[in-house]
Amino acid sequence: MKAGIIGASGYSGESLVKLLLAHPRVELAAVTSRSRAGRPLAEVIPSLRGRDRGLRFVDSDAAALAAGDIDLFFLALPHGAAAEYARVLLPAGKRVIDLSADFRIADPAAYERYYGPHPAPELLPHARFVLPELTPPAWKTDAAVRLVAAPGCYPTSILVPLVPLLRDGVVAREHIVVNSCSGVSGAGRKLDETYLYAERAESVKAYGLVKHRHLAEIEEQLALLGTGGEPVAIQFNPHFAPMRRGIATTITVPAKNPSIDALRAAWEKACAGRPFVQILPSGETPDTAHVAGTNRVDMSAVPDPRTGNFVITSALDNIMKGASGQAVQIMNLWLGFDETAGLV
Amino acid sequence: MKAGIIGASGYSGESLVKLLLAHPRVELAAVTSRSRAGRPLAEVIPSLRGRDRGLRFVDSDAAALAAGDIDLFFLALPHGAAAEYARVLLPAGKRVIDLSADFRIADPAAYERYYGPHPAPELLPHARFVLPELTPPAWKTDAAVRLVAAPGCYPTSILVPLVPLLRDGVVAREHIVVNSCSGVSGAGRKLDETYLYAERAESVKAYGLVKHRHLAEIEEQLALLGTGGEPVAIQFNPHFAPMRRGIATTITVPAKNPSIDALRAAWEKACAGRPFVQILPSGETPDTAHVAGTNRVDMSAVPDPRTGNFVITSALDNIMKGASGQAVQIMNLWLGFDETAGLV
Amino acid sequence: MKAGIIGASGYSGESLVKLLLAHPRVELAAVTSRSRAGRPLAEVIPSLRGRDRGLRFVDSDAAALAAGDIDLFFLALPHGAAAEYARVLLPAGKRVIDLSADFRIADPAAYERYYGPHPAPELLPHARFVLPELTPPAWKTDAAVRLVAAPGCYPTSILVPLVPLLRDGVVAREHIVVNSCSGVSGAGRKLDETYLYAERAESVKAYGLVKHRHLAEIEEQLALLGTGGEPVAIQFNPHFAPMRRGIATTITVPAKNPSIDALRAAWEKACAGRPFVQILPSGETPDTAHVAGTNRVDMSAVPDPRTGNFVITSALDNIMKGASGQAVQIMNLWLGFDETAGLV
Amino acid sequence: MKAGIIGASGYSGESLVKLLLAHPRVELAAVTSRSRAGRPLAEVIPSLRGRDRGLRFVDSDAAALAAGDIDLFFLALPHGAAAEYARVLLPAGKRVIDLSADFRIADPAAYERYYGPHPAPELLPHARFVLPELTPPAWKTDAAVRLVAAPGCYPTSILVPLVPLLRDGVVAREHIVVNSCSGVSGAGRKLDETYLYAERAESVKAYGLVKHRHLAEIEEQLALLGTGGEPVAIQFNPHFAPMRRGIATTITVPAKNPSIDALRAAWEKACAGRPFVQILPSGETPDTAHVAGTNRVDMSAVPDPRTGNFVITSALDNIMKGASGQAVQIMNLWLGFDETAGLV
């Protein structure tokens, strides 16, 4: 199997390069970049020094890539740009795993509310949002699926713990409050004063309140996977924290069944055999430092008899399980490899 | 006026030393420490080099201090230890400002639930919890008040924005969810693996869920100041974030009156003329880095028509407005100085 | 006395605004900015909320400023731009304290090697480099001096400990090796990938080796103040360290007189009565965290009988003693105020 | 092959557990800990959740381990304690790779100067210091070698770039000045105020000047490998920097042959085919962030015609190439595996 990466200038793209270079079942055959074509990978990504296998960036010509012998492409591009490539690669029979938001949202109206008009609605029938721990496995063999949209970082940290509890009626779907803290790499390599070291050090700060774009994806999936279609509106409060990587999410949700045993049963049913979810022992809380560099979601819960809520906490590495690692996990499942290949 | 500080080994105590050394109206006459008696201040607190005015730590003998000519003492001690000093200093006619939890909670039963039996219930009639922005000003001239309990860091970040909204009926008292991120100095100088640099860097982690001791103080004050005594039970989710100083608090609360104008009116009424509260312009959110080193609370709010909630954010410096700065502010008000003396 | 600040968009300019707003002897009468004219200070500099005294940025028209009633201007501008203002303000009789490099170097040829052709050589006779702890005090009353060039951050950390030792013959002038670590604010608010949080966290990295521009100023002053004009060529190795503020400098220099007593005597002679230099007790080393927010240089030394060297360490806050604080100290001395006014 | 780890409570021990669990040629058969015997690995080392293969800590009884079927032991213990295990394991025919200082220094007098009397001088004939990039390869098949002492973190960052230059006469052996910045994990999990987050954040600070214990090992190896036995005395200035991991080293050394080509030739000769050393292109400097998590040393050099020195910079991950990764690299070479097995 040959894989290619289109757009590897961001943190997720770089991480994807590393994962695929070390992957036992896939050959990384091309990494594209318009501005860097011809340069060795390690010259641009210094952490790859000595392990880039002599690869160089190639030009990002979609038609040429479509005509070549690469089987599967990862799109590590901004939204909008990803759809442009998908439009050329899908008709050529290529499989595509898209790390952007372009195909995460099934409902074009919801997409438009947060991102503007959908750039390629005609491809939506061939696209599928896949969160491996939650999406029913039929997608793996569904011939209609030619593009898989990998979930966003915040949504993964929220959906993995919350969907099983909604699905099994352990928690209510009203009054759900989600607070998340993200490492600064979540903003990518954006050249904006906001992301300078001297601005973000010693700083925790909420941003994107009541309008963060990930809301579209989170609420669509909560309804599709958790409530049988009943709409769910959550309060989602994202924050920047002074660290490079990691998302820590804390969910407060009213219990319908206040028993911690019921909660754990729902989680264990959902996570049985899943290699990348860890339910923590009672009394422990997830820590972004403990999942750094892994493809794992750690999660735990505590009931509060005073308020009738559960407080649920999760942690993941936004660049790994929140982006590149999850994309590789999706590839592993799609191509029939071991789910953990290249990920531990 | 002569002031003394009992216990200055922690971060708040050190900050208090600096504030009082530079205070225009008060002479710092004694800083006590059992183990460091005789050593120059700057030898123990290196940031004071060249500005400790030759002061040395003195022994912490309560009886001797009670017999001396110092008018007002700050207690920067662990809970329990503070009450021991109060028991000797109050009968000697000294004023006391206590930074510990010993006298923050008026209801001894509530105290006991979180801290164990109250160490000096007989002093409670002479003690008063004072959050300068909220506590009615009569305390300043109430002869019964001999000890003022300065609020905790988390409570300050929550009460300042929330009490005016409860009091004016802008928000409901159910389904209140509070998430806070604290800098690691919030744990003091505790020698525990948890607080090592290599453990906390790159780490955001919830802790103390459903049982943090500050709940006692927060909920008592919400009821006393905000709801006319009606009990309020909040979900309080504290986290450590990888920074030295600062608390960022995000409160989700259902709106009774969903108008942002009503919210701002309640805040402006409560904060009119208060030098240490800043209501941010619409669209901005507080940042711990912007309040570092100040005695300020920055706060803002945004309504969410989708959920019917307000999302309220605040930030303060846990060592300043959360401890030492607030204690000096209390002293300024109590002694009739300008509220901002020594604080800007 | 009225003071103005020209250019306050960088970290040093912001710090200068804060220092002058709180200064007991000077009225901050104008802060200029072409792009921000009309906006309140605190809107642009959020840490000033509630303490900007209602000041707004004004336009940076040099002629208008020259015609106004402000007595002294601080130039917090890039090199080159500073000279343009000096050229207008000096003929109008204004005093100028320049935080840029434009007038730090007396020898125009040396300036040109590092910065290109000097932008205003005709003003050099009216300009003087002043490091308050080292420059002989005659500058304060020299009528020819109309502009004072405040030293750079690295040079201050090097010159303060090293000049007295060269001057008194305690150390050699060959084989001097200086390593410095700077906080990222030293790069200003430059929008460059290099300074993004996700790039600088967990990163120590040398830069500017063998060609850093501060070499011109360091070596000129070492010769002028330390060796009676004999040239000194040092190895200067600057590094970025993952912190916001601070410079830690470590100097290795062969001892001519290996006695630590001789070294301390030279330091004590040079620093007697200087409020902003601290010689640390034997066995202690300076720490950037201990000088953060102060105008201090902490320094210490240890002899190595094995190598015949002294190892000298110093620390300062690059934004304070390395820029804005030092500029205020210079103003205090120039205008005859107490040297520490507004600085403790 | 079965391997065991004795003492895994520190950061290097934990890292070693991860490397061996994922190693393709070795079975991690035992991880010992007196105080944690019986507990699952992942309970103590949370980053291992889901990948500890069900292993539990076992008791650290040296005699029992000597009698068992494990072929090779890693000692991740404090100095002194390591020798106690070596004394039992070597006579039982076990191979030992020691991460402590106990057997790094061939000269017992040099050991004693820095550490006190040697704990097991009778084992020195069976021990060998091995820095894979520099130590002549005969050690791999020398039957007398039963214990390999893995180099320290600072020494590796210094010896790898410097030894080839001394050996080939490119640089002088006098006036060598080495400055290093280490991440705080270099101090291990020591419970000391010095290592608290709130103390080390925003702090760069020199420590251990003129007496750091690694000097013994650095200078012995510089003489043995670099100068044919001629003694070398360096100035070694270690610093703490506010990061978890990484060492950045900057070496100033007078050039004997000032040609950068001669320097690069010496490096290329020494590093030809070495998978874990990268010589950076001219103009680039190593960055601790770029080697984090790798077993690599990045290095570069720049000549200074003004001073006649070379400035040489290197970076490595103190926990990987500075400890656990290097230990695995040594094992790979000793047991005839591919040098990179389990390390990329």
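Letters A, B, C and D mark the chains as written, and numbering starts fresh at 1 in each.
Assume a residue touches a chain if its C-beta (ideal position, glycine included) is under 8 Å from a C-beta of that chain, and two chains touch if they have at least 3 such contacts.
These figures come from a predicted structure and were not determined experimentally.
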item	value
Chain-contact steps, minimal, separating chain C from chain B	1
Label of the chain whose CA centroid is most distant from the centroid of chain A	C
Pair of chains joined by more contacts [C-beta pairs], A-D or A-C	A-C
Distance from chain C to chain A - Cα centre to Cα centre, in angstrom	47
Between chain C and chain D, centroid-to-centroid distance (C-alpha), Å	40
Chain A and chain D: spacing of chain centres that average the CA atoms, whole Å	37
Residues of chain D touching at least two other chains	183, 199, 201-202, 242-244, 287, 289, 292
In the complex, chain B residues that touch chain C	22, 43, 46-47, 49-51, 201-202, 275-276, 278, 280-281, 284, 287, 289-294, 296, 298, 344
Sites on chain C touched by chain D in the complex	175, 177, 179, 181, 183, 199-207, 209-210, 233-235, 237, 239, 241-246, 248, 250, 252, 254, 285-289, 292, 302-304, 306-307, 309, 311, 313, 315
Interface residues, chain B side, partner chain D - complex	11, 183-185, 189, 191-193, 195-202, 242-244
